[in-house]
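Two complexes, one shared chain (subunit A), two partners (subunit B, subunit C).
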Partner chain A sequence: MKIFSYSLCIVFILIQTINGLYEDQIGKFDWRQQYIGKVKHAIFDSTGKKIVVGTEENTLALLHAGTGKIEWRHLLGSNTKSKITSLFLLSNGKVASISNIPTIVRVFDVSSGILQWEAAVAKDIQPVLCKWAVSKRDIISVEINPSRSGYDLVLTEYSSIGGTENVASTTELPWFTLGTNCQLVFPHLVCLHPQEDAVNIVDVRNSDSHQRIELQHLGITVGADQLVTLGVTKNFVSLRTTGTFSLYKITDEGLQRTSAEWPSETVLVSVPTVKDAEAQDQYMAALIKREKNYAVKIYDLEANQVLEDVSGDMKLPDHAGEPDLLSTFLMRKPNGELSYRYAISTTDDSLHYGSKKEVYWTREEALTSIVQVEMVDLPVSSIEASIEEEFGSDQALGGILGHTIKRLSSQFRQLLIVTQQLLAGQISLVRREAVGNNNKALERDRFGLHKLILILTRPGKLFAMDTLSGRIVWQRLLKNVNIDKVRLYVQRTSIHYPLEPQCTILAKSSTSNQAVLFVFHPITGEPAQFGSEGYVNLDYSVQQALLLPQNEETEYMKPLLLLDESAAPHVFPPTESAINHVVKMSNNLFMFVADTKSCVLRGYSLAKSTADHLASAAVWQLQLCSSSDSVEEEIVSIVSRHPEEKVFSQGRVLADRSVLYKYLNPNMVVVATAGTNHPHHRGYLNLYLIDVVSGAVVFSTSHRRVQPPYHVVYAENWIIYAYYNEKYRRTELSSLELFEGQTQSNSTAFSSFSAPQPLVDRQAYIYPSHITAMKDTVSEQGMTAKHILLGLSNGWIQEMPRAFLDPRRPVVAAATPEMREEGIMPYLPELPIPAEAIINYNQTISNIKSIYVTPSSLESTALVFACGLDIFFTHVTPSRTFDVLNDDFEYGFIALVLTGLTLASFITKRLAGKKSLRQAWK
Partner chain B sequence: MKLSVDCTFFSTLIVCLSFSVCVKSNEGETSKEWFKIEGKVQAPDAWAKLNPDWKLHTDVLIDGGEYRAFLRDDASFSVSVPSGSYVVEVFNPSIYYEPVRVDINSKGKFRARRINHVQPSAVSQVTYPLKFKPGMPYRYFQQREQWRVTDLLFSPMVLMMFLPLILIFILPKMMNDPETRKEMENIQMPKYEMPEMSEMLTSLFGGGDAAKKTTKSSGSKQGAVKRK
Partner chain C sequence: MSNDLPVAPTETPEVAALRAEHMAVHASIRSKTTPTLTVKENDISVEDADPDYDEINAAQIEFMKVFREIQALLGKFTVQCFQTCSCAVIQLSHSLGSRPFEPRGQINVRSLKSGSVNIQQDSSYDWKDYKEAAEANEFYHLEAFVKYNGIERTFLTSTKACLLYESQLADIITIHVDLLGNIYGVSVATPHSQQCTGTVLEFEPNFNTTVLISYMEHGPVPDVAMYVQKVEQEKVAKERGETKDNRSFIAKYWMYIVPLVLVFMMSGASNPEQPAR
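On to the complex of A and B.
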């Protein structure tokens, strides 16, 4: 009975805490964009209407050539090591993709995307070299494996219909050395060692066919220190030196040079797919670099000439990088003229498709490798700007008259703006329009839901996206920047009108070890007035950076404090006011630096700084990892609280009306280190809560026999972390909560030097799925309940109330009525995944890598941006929309009732008057 | 009891043996053999007709995507893995499929069982090769409250609007009926107090004059009724 009542209670709480979407809310404030990753292989099908692509994100997809839309898409594996090495279009309308580690051949139907067959080639030793090719009937693999006498070549054939495997032959390769680059043009294998000056050709079916051709015989003269690179395009082999480019056809006699002259500026060549099969190898397309743009030249190999009337120029936008993949399609128009289509992948990870005339579409695949995301406020609307100008400016145009003139002029301006907007149709008088309208102006809305998402991606491309529609507002490719370690800082938001907002990217220079800053205006994307076009080259390398609080003196600019390799602090922007600001607060300024490999944490104090000279002094050092040889340990994550997070309640009210005060240490960070114990190959995870001002370890805990992925979330006074329990083979979520106790040590300010020792509550829960990303929701004032967003391996994002992970949940036997009064659920080991808690419903996001949350101006609402192979944006309301009317609020009904009531009151008044008159006459 | 358990284990063992397929061992160097997990996914017929491309949108994840398999035309799948224990999960955004744990030992014996996270050692076997039967469709959305006439009628605002009307229009008519009139005469006092609540209040806050008026008016009303 007791258990029954408990379960009832749980069900009740479950119903209360899960707030799902309504079906009519689909697409109202969420959007998803699907991507495929940087294109590495692109093949036009025989009609030229579809493009089969294989990408670096290990995705195989079919693109519609006319629109660039994805027809179907398969993520072949989430394993980061696994890559698509080759892609072939088979003659029977199938596509063969070959992935490595583990080597798998998969054949899909092009039009439907359904798997036809797959063959896994399990290998213990990775071959030195593995090349694939297709013949008329078979898919052929050529492997070179080390053997006792040298190297062996193994030829394997897979029938392209059923995938039956046939190991054909093993041949010895006495001439093969490590480091040789080989290309397979079936049946020939062409090999070139970078240091040698001869090409080796062997027929893989016939071991006696080895030929060695000196480069001189091929018409190439190689000077000292010159490298010859070998490339392959379908049945042709190209040899490139710094000044020359030549193309060869392979015959049984050796390499036969094509007599067409190739300019040395040829970047890429491709054999175009041609509609009629006979002309298949007749043409060749080449991409040639010009001063400012590129030229696409079509060569007729039989006639040995450039088809000048077919060839054309190509202009890529400025924010595109250098082309690194070319795929072309040639077709004959009804009037007999040849015309080409190209698909070009560039180093900024975008894919461009176009013809001689123009680029038809571009896919921004850099959005699959997002490094950092910031959501910034938009500038105020022009009406509000005019109000700001009226009251915000300090211009002394005193007196009643002056103010009146100012007021009148600003109101006139507002009237003008309103009429303009009315004419432009930006204001709809009837009803608030559904979100997703594209032509909305880039200005702040009342609830702060309309923002700009700044996205920094791995290829060094910066995007600004509109939260309402997901439209790319502007994009920019960073130049001369090493993209390995980049951070984006918002130094000034657009709240401080009329001061312009400013963002800064901190990166390493690509030419030296020193740091580069790129300063820009987040709304327009224009570089700011710093350095050369916004790039500021620093003469030191940076090991840590910190955004400091702003104030009026710094013109609301958050100074960026940079710590160089010798631990000397620098301030950006290096203005006097910023430095003074830093010096003023230097007594309370501490920084810490962590080396993830050696597990060393160092704390620095800036107390010794003066206005002339900023100085730092090391105050503490911590060595976290074990120094034993049998273990490998490193820091896997360092998490601090969200910088904008506010804690609304200082404690939790218990059932006996006493308060359990939260341990709210603003200087605490969570450091997780993980390693493997070598003799048994067992993983372990250590979690340290470290006060980075004093260097004190507040708390630490350890888990044995656990495996990655590790995810840590830290907010207010609690920490939630996820790991895979190797022993029980399940994902577990652990929850820690820190309390000061029944009394608060210092209610006005927290000092790390006199901090109390916290009481720690902890509990672990089983999570019945695989977590790939984890984040907590943030609200503006911290009043709204906290939810945890969990990105799952199947593409879902679950919104889980923090109450489920409360470490104070008691086991059923120990649960007391007091606990129930406090609203604490009894402990259940396994956490539920109800479908109603999935915020992205059936819009799954493949391979979720991270989730970003920003508060909006509405206390109830937070903005969520999730990215992986796809990107997804939505709103979450952890405590429901308590501060706005629900979107199903019936305006019509309330208006009807109100008018009805007014009418009724008038009628009854009239009737009552009549009646009293009648009665008076009686 | 124990005997029967052993028996079932033995029989599944035979089944497993007959289905286990060793993929390939690389030229005798068998440090790690690879095995093929096989299975088939079923879909509700009516739903599959409406969603002909469901096989394209159904993922087979092994250990949360460590390995992936794809459905063939006949909705079967296979995936090669080294020996070990794996969670095989079939995911379609519309329909729930129960995940299964597959254990493969180093000799290539297969065993499929239900997942029990709370008691990982508990074995509840399911058939191998795997058969994924469709479960409930996912319900991602909350139901909006349907608009019903009763909701409207019993909503406080409507009650507020119509009850006074009823009182005003219908009650006087009922008064015409002599029997009810008699009844009403007995209980009329509180009925007639009702509309004068406001006056009562004004008298409370106003002063003596108002109070007198109240008594007067109430008296006159009583009289009026009697005269009728």
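On to the complex of A and C.
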């Protein structure tokens, strides 16, 4: 009975706090976009209508050449080290993909994407070199393994129909040395050692066929310090020196140079797929770099000439990088003319498909490697802008007359705008249109749900996306920056009309160790008036950056405080008002830096700063990790509270009407270090709560025998962290909550130097799934309940109420009325995953890497952006939509009822009057 | 097991000392019980033995009972340190504001596990220096050079000079130790009720220092055993059929009482009119 009542209680809470989605709400405010990752292998099928691609994200996919849409997609294993090394189209309409670590051969049907067979290749020793090829019937692997006398070559054949393995032969390679680059053009293996000036060729089926060809005989003269690189394109090998590029066909006699002249600007070559089998290997396509654009040249190898009428120029968009993969398809038009299609992958991770005329479509695969996301407010609409202008401007056009003129002109402008919009059809007279409307202007809406998502990606590409539709508004590729460590800062939002919004990207220069800032307008993507085209080169390298609060003096610009390698602070923008602002608050300004490898944390105070010279002084230093030799430890995460988080309530009201005050230290950060104890390879996780102003360690705890992934969420006065328990083989979530106690030490201001010691409540829970990302929801005023968003390895995002992870859930006591009043459930060790808590319903998000949450202007609603291989956007309402009417609210019905009631009251009043008159006459 | 430990919200020196003693006993119990485990299972060494072993738990619960009794009886309980090499030497040097660092003294930690320390120090600064620094709102910096187990580490910690000045040089130095016995931080603080008010009489510049050792705690573990036990107890109670209903009479039968009262009230409301007629 008790268990039943517990479960009833929990079900009740579930029903209260989690609201599932109705069927008609699907796609109303959420959208998903599917990606495949940076394309590493691309092959046109024999019809040229489909492209088989293998990507860096270990994904195999079939793209429709006409639209660029994904026909099917397979994630080949979740191991991050695993990569697709080779991809082959077999003659029978199948595709073979070979992944490494662990080596697995998989054969799929091209049209349906169904797996035909797979074979895992178990290896006793890691081969020095492993190359794959296909013949008519077999998939062939050539491995070079170290042996007692030198190196051995092992040839293995897999039947392409059933995958039966057949180890053919072992051959000794006396000439092979480490570092040699080999390419397999079946049945020949072509090898070139960078230090040697000769090419070795061996027939892998015949051990006696070794040939050594001097580079001079191949028509290549190599100067000192010049490197020759060996490449392979289907049945051809290419040799490239700094000034020359030459292509060879391999025969049993050796290398035969193709007589076509290849300019040294040739970037990439490819053997086009041709429809008819006879013309196979007859043509060659080359991508040649011109001054501004590229040229695609088609060579006829039999006639030894460039087909000038087929070849053409190619213009990639400005925001594309350098091409690094070319795949082509040649087709004969009905009138007999040849025409080509190309698929080009560029260094900005995008894939372009087009013909001689134009680029037909582009896939932005950089969105699979997102580094940082910020959601920014859109500018006010033009009507509101004219109102702002009327009241916001300080022009001294005083007097009644001046104001009247101002008012009239502003209203006239508003009228003009409305008529313009009516003419353009931007205002629809019918309300309640679908939210996924594409052609909406980039204007702020009433509830702040329409925003712009700024996305910074690993290849250094910046995107701005519309939250309503997921449309890319603008994109830009950062130039001359090192993209290892990039951060994006929103310095001024669009709220401060007429001041322009401004964002800044902090990165390292690609040529030196010094920092570069890129300043831009977040709505248009245009570079701001700083430096050269928005790029500001700093003459120091930055080790820490901090956005400071804004005020009227700094024109609502949040100054960016940068700490260089010698711990000297700098301010950007370096205006006088910003520096004065920093100096004014310098007594309370502290910064800290952490070295993740050595685990040294150091805090600095800026109290010594003057307007002429900003200075910092070290105030504390900790060294967290163990320095013992048998232990490897490093910092895995440093988490601080959301900078704009507001805490609505200072304490928790207990059942006896007393208050348990929260320990709300704004300067506290959570530092997690993880290590392995070497003798037994056992992992451990240490968690430190550190006050980064005073350097005091507020609390520290340790978990033994745990493994990554580690995720930490820190909000208000609680911390939730996830880890994998090695001993019990399960994911666990631990929860800490900090309280000051029944009295508050200082209710007006918090000082880290005289802070109280908190009470720490803690509890751990078992989570029955694997967590890949974790984040808490944020609301504008902090009144709405907090939920934890958990990204799971199966592509779900679960919304978990914080109450489930409350460390005060009592283990022993049964549900008492006091607990019920406080809303605390009795302890259950395992947390549930109810289906209605999955916010992405059936829209699976593959490989979730991170989740970002931004509050909207509606207190109840937060905007969620999840990314991984796919990207997904939705709204969450942790305490339900208490501040807006439901979607299905019947406006007509309520109006009808109201008018009906009003009418009825009038009629009855009249009738009653008549009746009383009649009564009086009686 | 960490849940059993007394968690002190505001640590007075007495509490801290008591706690340190308790930790020492606790550590000794662990080092006593674990070797028996290593015989049984080879791959568990003393250091890696998990804290949540049932044997340890049982032993610990037993120990805690005894320990609390003794504590209650004697009030104080002194323990010898079992661990031999957990000693550390901490050399302190300090500075006021941006002055150069001057040696302040030395803390000898005889045992990190038992928390027995002694401190020799003298304030190299004058009363006036503290007053000046406090008035200029400067920092008091303390640099700690720690030597233990052949490892040398330098830590830096600071507090507001005015807080130190107004507490008349009563400071608390906390040594942070992790579970592997590493010292990862040394921090200085003043009793937290201090505020910078600016009214202090002249005092002798002698430090009144409390040295605390803060140990890292074991993280929480899902308490499955307790939950299963609870469920089973309830099952047994249900089978016996004697779940005592100790609710009050009204709480038990309100669903019958309310309609009755309502019926009475309704009939009572219509009654008064009758005698009038």
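Following the convention adopted for this analysis, the second predicted complex is superposed on the first by the 894 of 922 C-alpha atoms of A that agree within 3 Å, B and C clash if a C-alpha of one lies under 4 Å from a C-alpha of the other, contacts with A are read in each partner's own complex, and residues count from 1 in each chain.
Assume contacts are C-beta pairs under 8 Å (C-beta built on N, C-alpha and C of every residue); 3 or more make two chains touch, one makes a residue touch a chain.
From a predicted model like this one, the values you see are computed outputs, not experimental measurements.
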Contacts of A:T844 with subunit B and subunit C, given as first, second, both or neither: first
Which superposed partner A:H74 touches (first subunit B, second subunit C, both, neither): first
Touched partner set for A:P829, first subunit B, second subunit C, both or neither: both
First, second, both or neither for A:N794, with subunit B first and subunit C second: first
Which superposed partner A:E576 touches (first subunit B, second subunit C, both, neither): neither
Touched partner set for A:D612, first subunit B, second subunit C, both or neither: neither
Partner chain(s) touched by A:S745 [first = subunit B, second = subunit C, both, neither]: second
Touching partner for A:I766 - first (subunit B), second (subunit C), both, neither: both
Footprint overlap on subunit A, where subunit B in one structure and subunit C in the other make contact: 766, 829-830
Residues on subunit A engaged by subunit B in the complex (per definition of touch): 19-24, 72, 74-79, 102, 104, 106, 108, 112-118, 120-125, 165, 728-730, 766, 768-770, 772, 793-795, 829-830, 835-836, 838, 841-844, 847, 888, 894, 897, 900-901, 904, 908, 911, 919, 922
Subunit B residues touching subunit A - in the complex, by the definition given at the top: 23-26, 29, 31-34, 36, 53, 55-56, 59, 61, 63-68, 70-73, 77-80, 82, 85, 87, 89, 91, 93-94, 101, 115, 117-118, 120, 138-144, 157-158, 160-161, 164-165, 168, 224, 227
Complex interface listing, subunit A residues touching subunit C: 1-3, 587, 602, 605, 607-608, 617-628, 631, 677, 679-680, 682, 684-687, 694-697, 699-705, 727, 732, 734-735, 741, 745, 753-760, 762-766, 807, 811-812, 827-830
Residue ranges of subunit C touching subunit A (in the complex, touch as defined): 2-3, 7-11, 43, 45, 47-48, 50-51, 98, 137-139, 141, 151, 153-160, 163, 174, 176, 178-180, 182, 184-185, 187, 189-190, 192-195, 214, 216-224, 226-227, 230-231, 234, 238, 243
